[in-house]
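Shared between the two complexes below is chain A, which has chain B as its partner in the first and chain C in the second.
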Partner chain A sequence: MDLEERVQRLEAIEAIRRLKIAYARVADDGYDGDRISAFFTEDAVWDGGESFGVHRGRAAIKALFDGIPEQISFALHYMVGHTIDVDLAAGSATGHWYLWAPMTINNAATLGAITYDDEYRNIAGAWLASRMQVNIHFITPYEDGWVKTPMLPG
Partner chain B sequence: MPSERTVEQRLQRLEDIAAVRQLKHTYAKLMDAGLCHENKAWPDDRFLALFADDAIWESNVHGRHEGREALRALFAGWAARITFAKHHTIAPSIDIAPSGAEASGHWYTWETITADGQPIWLAATYNDDFVKRDRRWLIKHVRSNIQFRSPYHQGWAAEAPLPQMGA
Partner chain C sequence: MSIEDRIRTLEEIEAVRRVLAAVGATCDAPYDGAAFAGHFTEDGVMDLMEMGVYTGRAAIQEFIDGMRARVPFTMHYWDGYAIDVDGAEATATWYGFETPNLNGTAHLGGLTHDATLKKIEGCWMVTRLGQQLHFMTPYDKGWVRQRVTDQTA
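On to the complex of A and B.
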């Protein structure tokens, strides 16, 4: 790779890191559906598996997030350890993230341990998420812990 | 990424982002090492040298403290009460100004603390400013927005998640 491509690759990784953290910050700021869906491509998929369902397209993703504050009144998305692989020629990338999330769900302190398998596309110079697969390892009431209650019911 | 800037300038930006990230990590590391040390002599000059002379440290709980001596007094107050701390300071979003001499950054921090002998969770975000002086990045302004500061056994959903900490 020439120097230009090597710098481009580092810039892409930094831009994708910023995208994911921006997603976390908007989620923590009340899950505004318009702002959060703008981080996704028009045809993006947000796949929350059996717990949160599969949501296809920017409009469905907006509706999903607009409904979340009814249950989750407070959340901090700590986006930590990540690996990001970029294919510059294809304008695409994949990423894996760990998420540690203290939350207040239905007025009770709750802890979430989650990982993401993401896909990204470069659209007109901007990196957007085209797929987020949300792998939930536990969402537990703080008072119970993850051995007694690994998955919050409902 | 199309850019008017030279490869050299783009590389400089990436290196500055890395330097600011490491500065914030050093802040967390030296604070935790200092607070945990048995024979406490913290804040020491090495820690305070991370800050510009006219630096400001403020939070929604601790108020505003300006200048290196005010910071020394603020941190000494913490050292008197805190015997253990780990600042897990993560997820930086760092912007380098076009001048290359100023920067701003946002972080999350998840802190495990022992204060007055009691275990505490502290969750906060930082909105910080930095300056580059003599080719070295320094902390110019720390704005800590504490989201909760809760006794370990109580969790953060109770009514008073931010008991007063004093100075």
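On to the complex of A and C.
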């Protein structure tokens, strides 16, 4: 790998890190669907599995996030422990992240432990998420804890 | 931008991240006010909102050293940095999760932070550090039952 490619790879990792943190910040700030969906490619998939469903395309992702504040009135998205792998020739990348999320869901304090398996594509020089697979390990009422109630009902 | 400048930008982002991690570590118990304040410029400002604004290294050191009596234990889990470098100036935002003992009671704190920095004689120095407190709750209550415990009492 020549110097230019090595630098491009590091710049891509930093850009993707910023993308994910920006996603977290907008989620914290009320899950604005327009702002969040702009972090995704037009054909992106947000895969929340059985709990949150699979949402395909920017419009569906926008609709998903616009509806979240009805239930989640507060959240802090602590995105940590990431690994990002970049394939410059393909213009793509993958990322793995841990999320620790104190939330208020239906007016109850709630803790979420989530990991992400992401895919990204470089579109006209900008890195965007093309897939977010959201792996939910627990979403528990704060007062119960994840052994007693690993998943919030509903 | 030349490749040399692009590499320098990446190196500076990492350098700022390292400075901020050191700032966080020195305000963990047992607290090192001198080391903490040493990361600030002489006229640096620490704006803790409801907990006060501290201007200058001496005032910042005094506040941090005073934590030993007020908060016998805490740890600062800082991550989620977004750092922008422009020449010898930088801005940063990040998340903080804290585990203090306040008034003899275990607490959990959810915060976000922001800072501005300047590179002076090869070292990144904090010119302003701010925080936004989202919750500081007794561990046995949670942020819905009691969002914030008064830390100024």
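One rule holds in what follows: the second predicted complex is superposed on the first by the 154 of 154 C-alpha atoms of A that agree within 3 Å, B and C clash if a C-alpha of one lies under 4 Å from a C-alpha of the other, contacts with A are read in each partner's own complex, and residues count from 1 in each chain.
The rule is simple: a contact is a pair of C-beta atoms (placed from the backbone, for glycine too) under 8 Å apart; a residue touches a chain by one contact, two chains touch by 3 or more.
It should be emphasised that the depicted structure is a prediction, and the values quoted were computed from it without experimental measurement.
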| item | value |
| --- | --- |
| Chain C versus chain B on the shared chain A, clash or fit after superposition | clash |
| Contacts of A:A15 with chain B and chain C, given as first, second, both or neither | first |
| Touched partner set for A:A24, first chain B, second chain C, both or neither | both |
| First (chain B), second (chain C), both or neither touched by A:F52 | neither |
| Chain B versus chain C as contact partner of A:G125, first or second or both or neither | first |
| Touched partner set for A:W100, first chain B, second chain C, both or neither | both |
| Partner chain(s) touched by A:V80 [first = chain B, second = chain C, both, neither] | both |
| Chain B versus chain C as contact partner of A:E143, first or second or both or neither | both |
| On chain A, the residue positions that both chain B and chain C contact, one per complex | 3-4, 7, 10-11, 14, 18, 21-22, 24-25, 74, 76, 78-80, 100, 102, 104, 107-109, 142-143 |
| Chain C residues touching chain A - in the complex, by the definition given at the top | 3, 6-7, 10, 13, 77, 79-82, 93, 95, 97, 108, 110, 112, 134-135, 137, 142-145 |
| For the chain B and chain A complex, residues of the former touching the latter | 1-2, 7, 10-11, 14, 17, 88, 90-93, 106, 108, 110, 121, 123, 125, 147-148, 155-157 |
| Partner chain B, residues of chain A touching it in the complex | 3-4, 7-8, 10-12, 14-15, 18, 21-22, 24-25, 74, 76, 78-80, 100, 102, 104, 107-109, 125, 142-143 |
| Chain C-touching residues of chain A, taken from the complex the two chains share | 3-4, 7, 10-11, 14, 18, 21-22, 24-25, 28, 74, 76-80, 100, 102, 104, 107-109, 142-143 |
